[in-house]
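Submitted below is the structure of interest, expressed as structure tokens.
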Amino acid sequence: MLSPTSSQLLEGADLDAALDDLSATGADFHRRGWSLGTSSNYSVLVGRDPLELMVTVSGKDKGRLGRGDYVRVGADGKPVEAGAPSSSAETMLHVVLAEQPGVGAVLHTHSPAATLLSDRYARDGVLRLSGYEMLKGLAAHGTHESTELCPIFENTQDIPTLAEQVRERLTDAEHPLRHGFLIRKHGLYAWGADIAEARRHIEVFEFLMDCELRRLSLS
Amino acid sequence: MLSPTSSQLLEGADLDAALDDLSATGADFHRRGWSLGTSSNYSVLVGRDPLELMVTVSGKDKGRLGRGDYVRVGADGKPVEAGAPSSSAETMLHVVLAEQPGVGAVLHTHSPAATLLSDRYARDGVLRLSGYEMLKGLAAHGTHESTELCPIFENTQDIPTLAEQVRERLTDAEHPLRHGFLIRKHGLYAWGADIAEARRHIEVFEFLMDCELRRLSLS
Amino acid sequence: MLSPTSSQLLEGADLDAALDDLSATGADFHRRGWSLGTSSNYSVLVGRDPLELMVTVSGKDKGRLGRGDYVRVGADGKPVEAGAPSSSAETMLHVVLAEQPGVGAVLHTHSPAATLLSDRYARDGVLRLSGYEMLKGLAAHGTHESTELCPIFENTQDIPTLAEQVRERLTDAEHPLRHGFLIRKHGLYAWGADIAEARRHIEVFEFLMDCELRRLSLS
Amino acid sequence: MLSPTSSQLLEGADLDAALDDLSATGADFHRRGWSLGTSSNYSVLVGRDPLELMVTVSGKDKGRLGRGDYVRVGADGKPVEAGAPSSSAETMLHVVLAEQPGVGAVLHTHSPAATLLSDRYARDGVLRLSGYEMLKGLAAHGTHESTELCPIFENTQDIPTLAEQVRERLTDAEHPLRHGFLIRKHGLYAWGADIAEARRHIEVFEFLMDCELRRLSLS
């Protein structure tokens, strides 16, 4: 519903509703400790022709977002309107993900579990999530008898380079990026056809990482 | 109050109140992390003759349930009305449980503790909960000097077979199912005479599993 | 303010305010996981001559208490009015505590930390809490350089006997009960001059037990 | 915005808004378990010439603060108005911090993580936080490739002496205090140009300490 096709534009009351949903999502993620310290950023696709997203303005408290805390950006990750406040440097990651067909929303969180597991398994370059019923919450997993390979990228402040790495993996024939990825000691990116699906993917990944982290603390 | 006998039907304002209570229960379970990622499903008995339940529609966000997010199903687990949205494949588990005399509500949750403990004790086929005062919150435990044997079933996408296994255990002479059971790396089912008792049973099991999991992480 | 002297009676709007405060306290404790599964009970002193308390009615959901969920009991722990719903069997513990001069409210919680630590240190018969700044939140601790000895009683369904044990310890010359005690694999009792102080004592104990439990899980 | 320069005074509706923001911050910190048991204290700068702060009155429940729960104090940490309720003995720490140019708000929390880590690393006298993306939430960290040295002071009830130690470290040429410090088995102090920045700093430190504590419990 909130995932516009190339000929549609998310505008007016629909756009307001989408931003309100993103803000409610942020309040919930902040409460859960997944978006503390003004970290994280969220976006929703507004149009495909040309590509436009509404992205959270940089440095906003994710527990208190309002409609004025989003900025419209284009395919270059820059604000469409002159003088608009800038979004996070990581906006180019949102753009690269939103360019994929069928992606209507992108959510990025900073949880303790994502921070710790992305460091612990950094050498492997991947977090393996296997055999959990909850995996069925990721689109296209029809059974729990499957494995989600969640890639881990090294953290960097060179976002254009990271965005290129992500773009390549999105079309990697052997190990394509499917629902989300981790950045080391940084956090999680997940996406979906609309805000609800992206939120479901974040919740599934955070649940599974919480399980993995607790499992590692058992004697 | 909300547990109809064979001659009663839950309808009108009573049915609305029951669905609102299920939705409030879902919001609380979602907040606690027991029903993330649109996982879980909840049901309330509507009538016994013929058997009818209101069950959550598949794929709904359990933190935001409304009256329209339930579907009326019959003894075959299928929607009573043509064209109605389908409920979870696991609806047959709800039906099998609701067929028991005195069962008025069934709740299914996906918590980290249930996920991890059902895997750790899978070989035993049972989670033993012993000596806790909180056990008195399960109907018919009059003292803490008792043990609740919570069976663990292997996870499967073959729900009819699992439903048959559950049905057999419900009438097992030696080790009958009493208040709840686990499915491996999946979650918890518990039930009660009405929504309040089913919710109490879920809270008791989740509390006790939380204690067991924390105990296993102590040095 | 809510701690009546022998000549005062908590009644009318003051009593309503006290019950509303107890109910709000219950909602917070339920949210935190300290009063799940309809466990726990709370009371406030209504008068000293004769001794009367308002105590939570047995089996109520502590996250949804209303004014009608309390019953007035006397020094024998029984309802003052014929036909009133009964309170918990543990009401006599509330009575024994409320008989102490200066005690105006008693709160009992069932947290995972209290459940686990009361079992781990049962052989010692006491939980030692030492050197924490938070100890200053217990009345009469003027410095962190002190130790709170929190006694642990064996759990029993024989409440009259337990109540006698508590009564003796309250006047024990060497190791008097001061702010709270634990019952093994069961929970915590704490009290104060009024509801606010009793709640502060519960929060302090639960905080300190949370610290102790986490400390025991560090490698 | 809420950080007055030497010629400005925070008054009227602006002051009310600042106190309401502090109270909302307290409610959130109390909910998270960072300010239980009436512990913690918060302040906002009201004026610089002379130095005046609004500080929480001693012993207030941090989950229920209202505008009347703050007291105006001067550079000596004493109430400006005769007969006003007194603030915490730790008010002098707020004063010493607020005397620094650019500091408009000071927040002090008592979390389990701060309590445990300040004890574990007391011998080192410092908690090292290194390589986390979340460090960028502390003002002046432009990259995750940096280390925050969070000093740990021994706990004491001699606040004037502690305040002097803090004052010296604030201007220490080699290891200046930058965003926060810990007191052993007691808690965290952090500050910022305004309430929002101070809250962001608390959230960042608490997040990072949570990560460190969980890391220490992994096998």
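Observations on the model:
Going by the order they are written in, the chains are A, B, C and D; count residues from 1 in each one.
Just so it is clear, a contact is a pair of C-beta atoms (placed from the backbone, for glycine too) under 8 Å apart; a residue touches a chain by one contact, two chains touch by 3 or more.
These numbers were taken from a predicted model, which means no experiment stands behind them.
Shared contact partners of chain B and chain C do not exist in this assembly.
Using CA-based centroids throughout, the chain positioned farthest away from chain B is D.
Chain A and chain C have CA centres that are 45 Å apart. With centres defined as mean CA coordinates, chain D is found 32 Å away from chain C.
Listed for chain C are residues 217-219, each touching two or more other chains.
Of all possible chain pairings, those that touch are A-B, A-D, B-C, C-D. On the side of chain A, the complex with chain B involves touching residues 28, 32, 131-134, 137, 142-145, 196, 199-201, 203-204, 206-207, 210-211, 214-215, 217-219.
Within the complex, the chain D residues that touch chain C are 33, 36-39, 61, 63, 110, 112, 115-116, 120, 155, 157, 183, 185-187, 213, 216-219.
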